[in-house]
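In order of appearance the chains are A, B, C and D, and numbering begins at 1 in each one.
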């Protein structure tokens, strides 16, 4: 019985995230447009885009290899598995133990690995620019992420997301400097990883400033659709990470009944909407920075994470 | 009697050291050769005296060799050679005479310091003799080191070897003394001949004037 | 048979002595070369028979564990070298560097040297030992100068002068030993007989003994080639005929070393006298490090290996200076292995120099391409001399370094430093010789590889497996040396 | 009666040595190459099976002592679980390399310089692991170095190879001397060189520390720890590729074995600061190694540098194990140790695979320079696939194997706040951050490798006309790739296999993983952390498959081939592609500006000047400039100064003698 429930929850989670991801993008765009005093497209526009892309024919560059065509699915799969394992509305995910936080980050990293390769496959200069910048950003973002994980794991004595989430709800967490540092750092990493302003501009098509767009420049049709969905999913993953790690309130514990889950779902959606609003506000408020100022930005994130960890290491001794 | 014999031996040995100093002091080749002849004479005297007091007749042979070979033959030969090879007459020394003399005195002091540790149950004469022999040897080496031209270096070597003979004869009843002194005379003869053969004018270091600068071991 | 065994010592000396005269009068180099080989072989047999039975020490001869090792080693290397020289000297005759007359002289001198060395090793009398060593030295002096080029004469002359000074020192030391023995032992031959000296040395006057040892150490050290008394060695090795270089490195140095060891044991038996150990350790280290650095700037291949001989003598003297069963064992092993390896290297180098027509390091490259056998033989030899396993010297260096480090860490550090510097130089040159674009003549070699391979095989074998007989032998000697 | 593992191993080693002799005899024949390699493949497989049996079987170690080596010690050989584990690693690599070489060996221009040495090299590595006394160990160690030196010098006509060989052999004997000193200290003045005796005698704390330092220097120089790594990127690429694979994938692991054997087994209880001694160079190697790799354009040198990085990872594990052990946290120490050993396996698999690939590429394109390759995924699809797997794995990405071991390492780091010492408290998180950085950089590095060498368009004629390599090479590569996947998805089984080795030296082991549900691994506790490679793999496969099928059901299948869009730029020549250099530029600017003094000089021609504009980047290797160059100059200067002594006059020599005499006499005069 419990197994069935857990399976249901896990399945619900998997499809919820996929269903929710484009919506999140849509909401984000809507908020942004509003903040810019535009009406903006409707919030379901991303779904329409995906549909349209799926039905278009796919143009593949002449010298594209099998990797180029396989990459979108692998990227999507990696991101999706990661998303499926991040507790959104309930912590009682059947398979959450199959990959802990480190593994989830690594999953996203492997998605990026293929994305960067896909960028280089055609052998155009723009793809190269995109990939090289992407990996540069990643080399700084990932250590920061690991540091954040460290500080959380040291508090919760676990790297299991569900365990950490339950720990964060529980009263013994208290108010900690390291957590504050970690959340700031996590937000910065999230912004960088999802290529949002000020790191990258998802809406731009001025080639020299783009990173993510440059990598997927050669994609079209269904491939592009999958990739777009994947990147939307990635954003969702980060938002849900922040949600379940730092604002876990309302999230359904593993032994919750259906009411608990409904509550959790509601709370989750609220959080996501809130987060996307915050993101939009942030993006409209700030200007994109030069590529070579990104290291400073991420270096700051890394330092914050390291500082948080160090504090914990030291305080453990006291 | 014993006291007297001891004093004479002592005197002779001491004077040998003195003559070594004179050798050290010379700056002209001919004078050097003459003083060396004197050196040899004194040596032969002291050897003879040793022979007398230890009544070891075979030592007389050594004395004779010293007298004939070193005091007469070699100096004359070298004399000739200097003329023949047209070696110019004054000795180029490394550093001036003064420091050299001081160094010599230092060496004598050193040899005394080393030798006088010897517990006196080794008989006194032997011990004194050794001290002097050692200083003669060191002085000879000093001459070889501080003189730049071949002849005076040979003289240095010979005086060194005189020191050896002195020591050997001082050692009572030492076998092979004569043979050794003969062997050494042969050695010296070789050296002298070598100098003559290879026409070594100024220094030991090169065999031939043309080769003076060409070859120094590894300059291929 | 028993009669033969009974006075095999005499044979060891008589055969070379007889050969001297014979070789001096015989014409025709092929014959005399063959005779030379034969004589050396017989000597070797006689020497080997010493293992089976040897007479008790009498007034003239002393045969004990220590010098049997030396005698057999030197006779063996003497024999292989004579084989090598037979194949080498012919070429010299063709190129006109030597005339038949000189060859006759050469062979006579060769046996003279063997005689001198064997005598020096076997006599029971420090005076006679002195005479014998000088005899051997003078013989080698004459052989070094045999090419009569300016360089050769120069080298011979340098050797001669420095050697004579060494001779003088050694003699003075010998006299001093006699003097110190005089009050205890009394006059006459007894005062110069090893066995007597060893028996009674504890009562001798320590101060006199100490002075004596200083002179003996410097005198014989000159022949061992310890820095700073080494000056004659490189040139003598480089300018003489290659067989002589092999014999110098393989034998003469050992004989002088043997003398030093004898006197060291003497010193060790007298409590108050100065300890020889520190002296030897210091000189050994100086020689090692100095020679190691000198290796880098050499331009002449034979001089290069001459310096490496200095380096190894340094290690050996260091080991004996450290003393103790391990270090002494290592010293003996190192000495044996060095003799074998270094002579093998000189054999190879001799052929290389002949085919390439030069001794200049810069002009010898890519041997493994042009002359694979010589090239790889050289590689094995140099690796062995550089102390690489599985070759004999590795074992001895392993023992020296590890045993020293446990006792005197700083000394061991210095030792390792020297070894590393030397290794760097040797390997640098080796790669130049063996690898890279070949240069110079590629004419085929007509050489007898037998001596080379014999030596190298022994070295490789010893690195992996030492026969128990040899080991126990070395152990006795190591204990003897204290 | 089945033969005991030690005996079998020794027999195998003897056979290998026999092969190298045989190769000397028949090496000139054409048939010799496949013959020798197939033979050594078979023997390696046998030894592998034997080692595996010894590892799993857990029989008490059998000691064989032969009357070889040091007479009064004899040569001792012993296969305990640790040795068995490393024997397995060695022979697995050996078997793969032999198989690969059956095909690759055909390209060899001078087989006589490779064939005899290859089996000897394998034998040497086996012997090192088998040895049970200091002499035999060092003998085998140096033999291994010499054999590999010979292989590095196989193509001796290239000056850079000669240079590499020289540096290598120099560093090797430096390392040997360090080990020699260490053993000398362990053996004591009376020379008890057998490992058993050393185990029995516990040296004093200071001495033990000294030994540790010496071993780190000695074995670390072989493993390529910064700053002793300089020889590695020169020597490993210089050898033929299957040998490079052995050197990078296996020989470095033998060095790791040396460290474990001495430090964990012979040296007795550790002090806490040993951990620091190991962790600092380890973390430095991890980061420096991968940065070097990112700046390098020679394919094989990139791989060599990445070896340095992975060695850093392994040593971090060892350092943590030491620290935990010193403070009595057995479980944690065991975890760290297991992580290290696990990574040993993974790296040897991956690095062999990658070197095989690079060899195939190099012989197909005639160059090792990535800038002249590219587009090979079209010409050599299978190789490309294998290398892709290798790159993905070594970038430590799930579900492949390296991720599992690095995940374990991170888990061990997360246990370290329990350590009481402040030094470690501050150091370990920093190390963790550095490791994370290294992992991220590694991913970047191997994106670069695969993207530049295999993707895009061919950058040279040869690359455009490259051919897929032979079947044997492909078999070797695919086999290794499969093993990587297995090790990645079933890490639990490997951990259990490693456990006996860990138990042999740590006296304890990780909880058995085989019983854990769903075959996932749980280093400490279910609640704390767990990872299931199998599920992750299945999930990814499923969801990728699902998506693909869904898309193909829903979406239009219409596909059109067209020129690359590239923002509407016309299809220019391949040179406009991103090169390896330009790909690394952002990272170079971020990290290398200070660490390697990387500087860019742009020379822009005046208008009307026909000269092309140039961007020149120069990178300094500070380790070389500050550590090795000064040493070299010092030696040169000293030898120049001393060289004067060769050219003195006889009088001067005499004065040297004179001085010596006077000094000694003076000593006598003052003495007493």
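Some observations on this one:
Methods note: a residue touches a chain if its C-beta (ideal position, glycine included) is under 8 Å from a C-beta of that chain, and two chains touch if they have at least 3 such contacts.
The structure presented is a predicted model; accordingly, all values stated were derived computationally and were not measured.
Under the contact definition stated at the top, the chains bordering both chain C and chain D are B. The pair of chains sharing the greatest count of C-beta contacts is A-D. Taking the mean of the C-alpha atoms as each chain's centre, chain B and chain C sit 32 Å apart. With each centre defined as the average position of its C-alpha atoms, the distance from chain A to chain C rounds to 78 Å. Computed centre separation for the pair chain B/chain D is 69 angstrom, with centres defined by C-alpha atoms. In this assembly, the C-alpha centroid of chain A lies 35 Å from the C-alpha centroid of chain D. The set of chain C residues that touch two or more partner chains comprises 157, 161, 165, 207, 211, 234, 297.
Chain D has residues 646, 650, 654, 657, 661, 665, 668 in contact with two or more other chains. For chain A, the set of residues touching two or more other chains is empty. Per the contact rule defined earlier, chains pair up in contact as A-D, B-C, B-D, C-D. Within the complex, the chain D residues that touch chain A are 374-375, 377-378, 381, 384, 388, 392, 395-398, 403, 407, 410-411, 413-414, 416-418, 420, 422, 425-426, 428-430, 432-433, 436-437, 439-441, 443-444, 447-448, 450-452, 455-457, 518, 520, 526-532, 535-536, 539-541, 543-544, 547-548, 551, 554-556, 558-567, 569, 574, 576-578, 582-587, 589-590. Within the complex, the chain C residues that touch chain B are 127-128, 131, 134, 150-151, 153-154, 157, 160-161, 164-165, 167-168, 171-172, 175-176, 178-180, 182-183, 187-189, 191-192, 205, 207-208, 211, 234-235, 238, 297-300, 303, 359-360.
Remark: chain D residues 646-647, 649-651, 654-655, 657-658, 661-662, 665-666, 668-669 touch chain B in the complex. Note for the complex: chain C touches chain D at residues 157-158, 161-162, 165, 169, 207, 210-211, 214-215, 217-218, 222, 228-229, 231, 234, 274, 279, 290, 293-297, 324, 326, 366, 368, 383, 386-390, 394-395, 398-399, 401-407, 412-413, 416, 419-421, 423-424, 427-428, 431, 434-437, 463-466, 468, 471. On the chain B side of its complex with chain C, the touching residues are 114-115, 117-119, 121-123, 126, 130, 133-134, 137, 141, 144, 157, 160-161, 163-164, 167-168, 170-176, 179-180, 183, 187, 190-191, 194, 198, 204, 206-208, 211, 214-215, 217-218, 220.
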